[in-house]
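First subunit A sits with subunit B, and in the next complex the same chain sits with subunit C.
So, the complex of A and B:
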C-alpha cells in the first residue's frame, strides 16, 4: 500500500486552552514495500504520525491517502476502522495492551476482532507466536506471569497475527536485551523481504536505521526537515547533531579514519559496508607494497 | 476526554491564581451559602457582578467557562422545567392538566437557572486557577482540627494527593490502551450495548494491572526513601497568608453585607 501525506497538520485538544500543535504541514510519500525509518528528537511528533497512519486520530487539516483512499478531518469513524485492518501497529511498550487469560487467547484477539473464526484465529496466532520465537510451553500461561521481554514478544505477536500489509513499529526493541533486540529486528527484516510488508520504524537507534531502512524521515519540532535515503542522511554529521541526532558507529568510525587521511567511500552507513571497503582498501594498499 | 474543562487547572499568573488555595476553597464554599441569601432581582444582580468580576480577573477566556457549563446543561434545563411547571402559586398564564405556568414559576425558574450558573462558574474559577495538589494542601489544613479526635488527617490527605497526582497519568494510560486495542480491531463506536460493554474488558484489565504495579512501585520508592507521614513532617509547598488574601476575604464580606442589605431595600 502506498501512503501519502498532503499538507497534514495535527493539533492536540484543538479549541481548548490546552491546544498543542504537534505537526505542521507535513508532505511525504511512502512507497509500497518500503522500509522507512522515522527519526527525530523526543517530542518531535513521531508517535503522532504513527497514530495518524493507523487512523486512530484524524488530521486537523490536510489529507492522508492510502492507495488513493482519502482520510481527512471529515472521514467517519467507520472508514477509519477499515484502514486499521491493513495496518498493524506496535506501540511503545506494547506489553501494556495484554489482558487475556492465556498468551494464545491474547494473540487471537486481533484476528477475531477483524472477523476471523476461532479456528482461523488460532492458526494465525500460533504462526505469529512462532515468528516472535516464543516457545510453545508458554502459550497456555497467563501473559502476566511472563518476563518483560516475553510479554513484549506476545504483544508483537498480537499485532502480527492480524497479518497487516503495513507494519508500524514504535521503538519495538526499547528495553530488550541485545540478543532479543537483534532477533526482533531480523524477524521484521525477514517479514519485509518475504511478505512484501511495508514497514515504518520509529527508533532512536541509528544502527538500526543504517542496517535496515531504505528511506528516512527526519522530524524536528513537528516539521519534516529531511526525507532521503540513509546514505544522504548520515553524510552530514554536523547537521544531524543540530537535530539532536547522531550517526551510526560505522559512520563515526569511517569519519575518524577519513580525518586521519584514509580515503573511504562516502556511502558507508553500516558495519558490513565498512568492513567490505576496509577490506578492499587494505588489500589494495597491500598489493601496492 | 479533551472536553473535560471542569476540574482542570489552567496555569496562569492572575491575581486569582496567586490567592492562597485555602482562601479560594473557603470562599467558594461560602459562596454557595451566599447565593441563598439573595431573594430578589437586586440580590441576583449583585451576585452576577461579583461572579463576573471573579471570572474576568482570572484572565482565562470566557469560552473556557462556557464550555464548562455544557456538561451540566441538561441538569439545569431539567430543573428549570420542574420549576416552571410545578409552581402552584401566582398568576396563571397557562394550564393543562396538573401543569400550570405562573408568573411566580417563571421568576423562580430564572432564579434557579442563575443559581446554577453562578455556582458552576465559581467552582470553575476555583479549579481552573488552583493546581489540584494545592487544593489537597488546603483541605489538609482545614481538616487539622479533626486530629484532636484521632482522625487520620495526614494519611487521608496523602491519599488524596496521590490520587490527584495520578489522574492525568491514568487518563494518558487509558488513551494509550484504548488506541492499542482499537488498533487490534476493537470498535468502541458502534455495535450493540452488549458488544460495547464487552469492549471495556480489554481496557480495564491492563489499566488495573498497570495501576497496581504503579502503586507497588510507589510504595517501594517511598519506603526506600524512609517516608514517614505525620506531625513533624515539613512541607515543600508552604502556604502563606498574604495581603491579597485578606483583601479577598474583605471583598467577600462586603458582598455579603450588600446582599443582606438588598433583602431589606426591596
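So, the complex of A and C:
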C-alpha cells in the first residue's frame, strides 16, 4: 500500500488554550513494501505520525492518501476503521495495548474484532505467540503478570495476529534484551520480505536503521528535515548529532580510525563491512592466512 | 566502606505463579557505589527492585537498606531513601502538571514550599524539560515522560537511586544527557548517593563501578565492567550486548585475522589496529 502525506499539520487539543502544534506541513511518500525508519529527537513528532497512520487521530489540516483513499479532517470515523483493518501498530509502551484476562485472549482480540471466529482467532493467536517466542506456559497468565520484555512480546503478537499489510512499530524493541531484540528484528525483516509487508519503524537504535531500513525520515521539532536512504543519512555524523541523533557504532568507529590515519571507504555501516575493509588494509602482513 | 544494601538469601514467588522469580538471591552494595544490574528478560531484575522498595515482600530471606530491615514498620523510611524510576513511567505519574509531579516526591519528604520552588525548576532543567512545567504528564511524548520521571528523582536526591531501564526510550543524545545529569548529582553527593541501574544498554553498564549479572532469579556473576565484558559473545546470554570493540574482534577473527584474547576497549582496539597497520 502506498502512503502519502500532503501538507499535513497536527495540533493537539486544537482550539483550546492548551493547543500544541506537533506536526507542521509534512510532505512525504512511502512506497508499497518499503521498510521506512522514522527517527528524530524526543518529542519531534514520531509517535504522532504513527497515530495518524493508524487512523487514531485525523490531520488538523492537509491530507493523507492511503492507496488513493483520502483522509482529512472531515473523514468520518467508519472510513478510518476501514483503513485501520490493514494497519497494525505496536505502541511505544506495551502496557497501553494489553487489557484481556489472559495472554491468549489478549492476542485473540484483534482478529475477533475484525470478524474472525473464536477458533480462527485462536489459531492466529497461537501462530503469532510462537512467532514472538513466548513459551506456552505464559499463555494462560494475565498479561500484566509478566516482565517488561515478556509484555512487549505479547503486544507484538497481538498486532501480528491481525495479519496487517502495514506494520507500524513504535520503538518495538525497547525493553527487550539483545537476543530478544535481534529475534524480533529478524522476524520483522522476514515478514517484510516474505509477505510483502510495508514497515514503518520508529527507533533510537541507529544499528537497526542501518541494518533493516531502505528509506529514512528524519524529524525535528514537528518538521521533516531529511528524507533519504540510510547511507546518505549516516554520511553526515555532525549533522545527525545536531539532531540529537547518532551514527551506528560501526560508522563512529570507522570515523575514529580515519581520524587516526586509516584510509577506509565511506559506505561502511555495520561491523562486518568494517572488518572486511580492515582485512583488505591488513592483508599480506604475515598474519595467519 | 559500609554496605548500604544487603540482600540475604531472598526468595520470592508471585502469588499466581508456579516458580520462584527470585531464588535464594544474595548481594551487597557498598555505600556510594554505582552498580549496573543486567540479566535477560524475565530474569528477576524488576522483582528485586520492587522488593528493595517494599512494593513486594520476600517469602524468605532478608533485605537491609541503610542499616534498616525492609519490613512494614520501616516501609516509609525506606521508600524515602530509595528513589525509583520504573520501566514504564506512565505507572508513576501522580501530579496534574509536570511541576506538580516533581513536587510530589518533595512534599512527601517534608520539604518546605520555598525550597521546592527552587528545586523544581532546577531538576526540570537538568533533564531539559523546563519548558514543559505546566503540561499534563500524560500528554507528553514517550521520551519526555521518562525525562520527567527522572527529574522527580533528581529533585529528591535520595540516598539510593534505582533506575529500571529508565533511559530505554530516549534519543541517543538524551541518554547521554540523563546519565550525565545523574553523574553530576553523584559528583555533588559523593558517597551519599548510591546508584543501581537495571539496563540492557552496554554503554550504561560501562559507566558502572561494578556489574551484577542475574539469571533465573540468582546472581550468577559480578565484576568490574572490563571483567564482565571480557566474556565476549557470551554476554548476549546474560542479557547484554557485546561491546563494539569485541564485536569487531570476533568479526576480524572470523576473517582469519588473529586478535588478542584479552579484553580491549575502543581506544585499545584502535591502538592495536594502528600498530598492526604500521608494521606493514
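Following the convention adopted for this analysis, the second predicted complex is superposed on the first by the 282 of 289 C-alpha atoms of A that agree within 3 Å, B and C clash if a C-alpha of one lies under 4 Å from a C-alpha of the other, contacts with A are read in each partner's own complex, and residues count from 1 in each chain.
Definition applied: a residue touches a chain if its C-beta (ideal position, glycine included) is under 8 Å from a C-beta of that chain, and two chains touch if they have at least 3 such contacts.
None of these values were measured; they are calculated from a predicted model.
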Simultaneous placement of subunit C and subunit B on subunit A, clash or fit: clash
First (subunit B), second (subunit C), both or neither touched by A:16: first
Partner chain(s) touched by A:260 [first = subunit B, second = subunit C, both, neither]: second
Greater subunit A contact set [subunit C / subunit B]: C
Touched partner set for A:158, first subunit B, second subunit C, both or neither: first
First, second, both or neither for A:97, with subunit B first and subunit C second: first
Touching partner for A:171 - first (subunit B), second (subunit C), both, neither: second
Listed stretches 6-14, 60-68, 186-194 or 222-230 of subunit B, narrowed to the one that overlaps subunit C: 222-230
Subunit B and subunit C contact sites that coincide on subunit A, given as residue numbers: 12-13, 18, 96
In the complex, subunit C residues that touch subunit A: 14, 16-17, 39-42, 46, 87-88, 90-91, 135, 139-144, 147, 165, 168-175, 200, 236-237, 239-242, 244-245, 247-248, 251-252, 254-258, 266, 270, 273-274, 276-277, 279-280
Touching residues (chain side subunit B, partner subunit A) in the complex: 2-3, 5, 8, 10, 60-61, 64, 67, 173, 176-177, 179-187, 189-190, 201-202, 205-206, 209-210
Touch list for subunit A against partner subunit C, complex: 12-13, 18, 20, 40-43, 46-47, 92-93, 95-96, 141-142, 145-150, 170-171, 174-180, 204, 206, 241, 244-246, 249-250, 253, 256-257, 260-262, 271-272, 274-276, 278-279, 281-282, 284-285, 287-289
In the complex with subunit B, residue positions of subunit A that touch it: 12-13, 16-18, 51, 54, 56, 77-78, 81, 84-85, 87-89, 91, 94, 96-99, 109-110, 112-114, 144, 158-159, 162
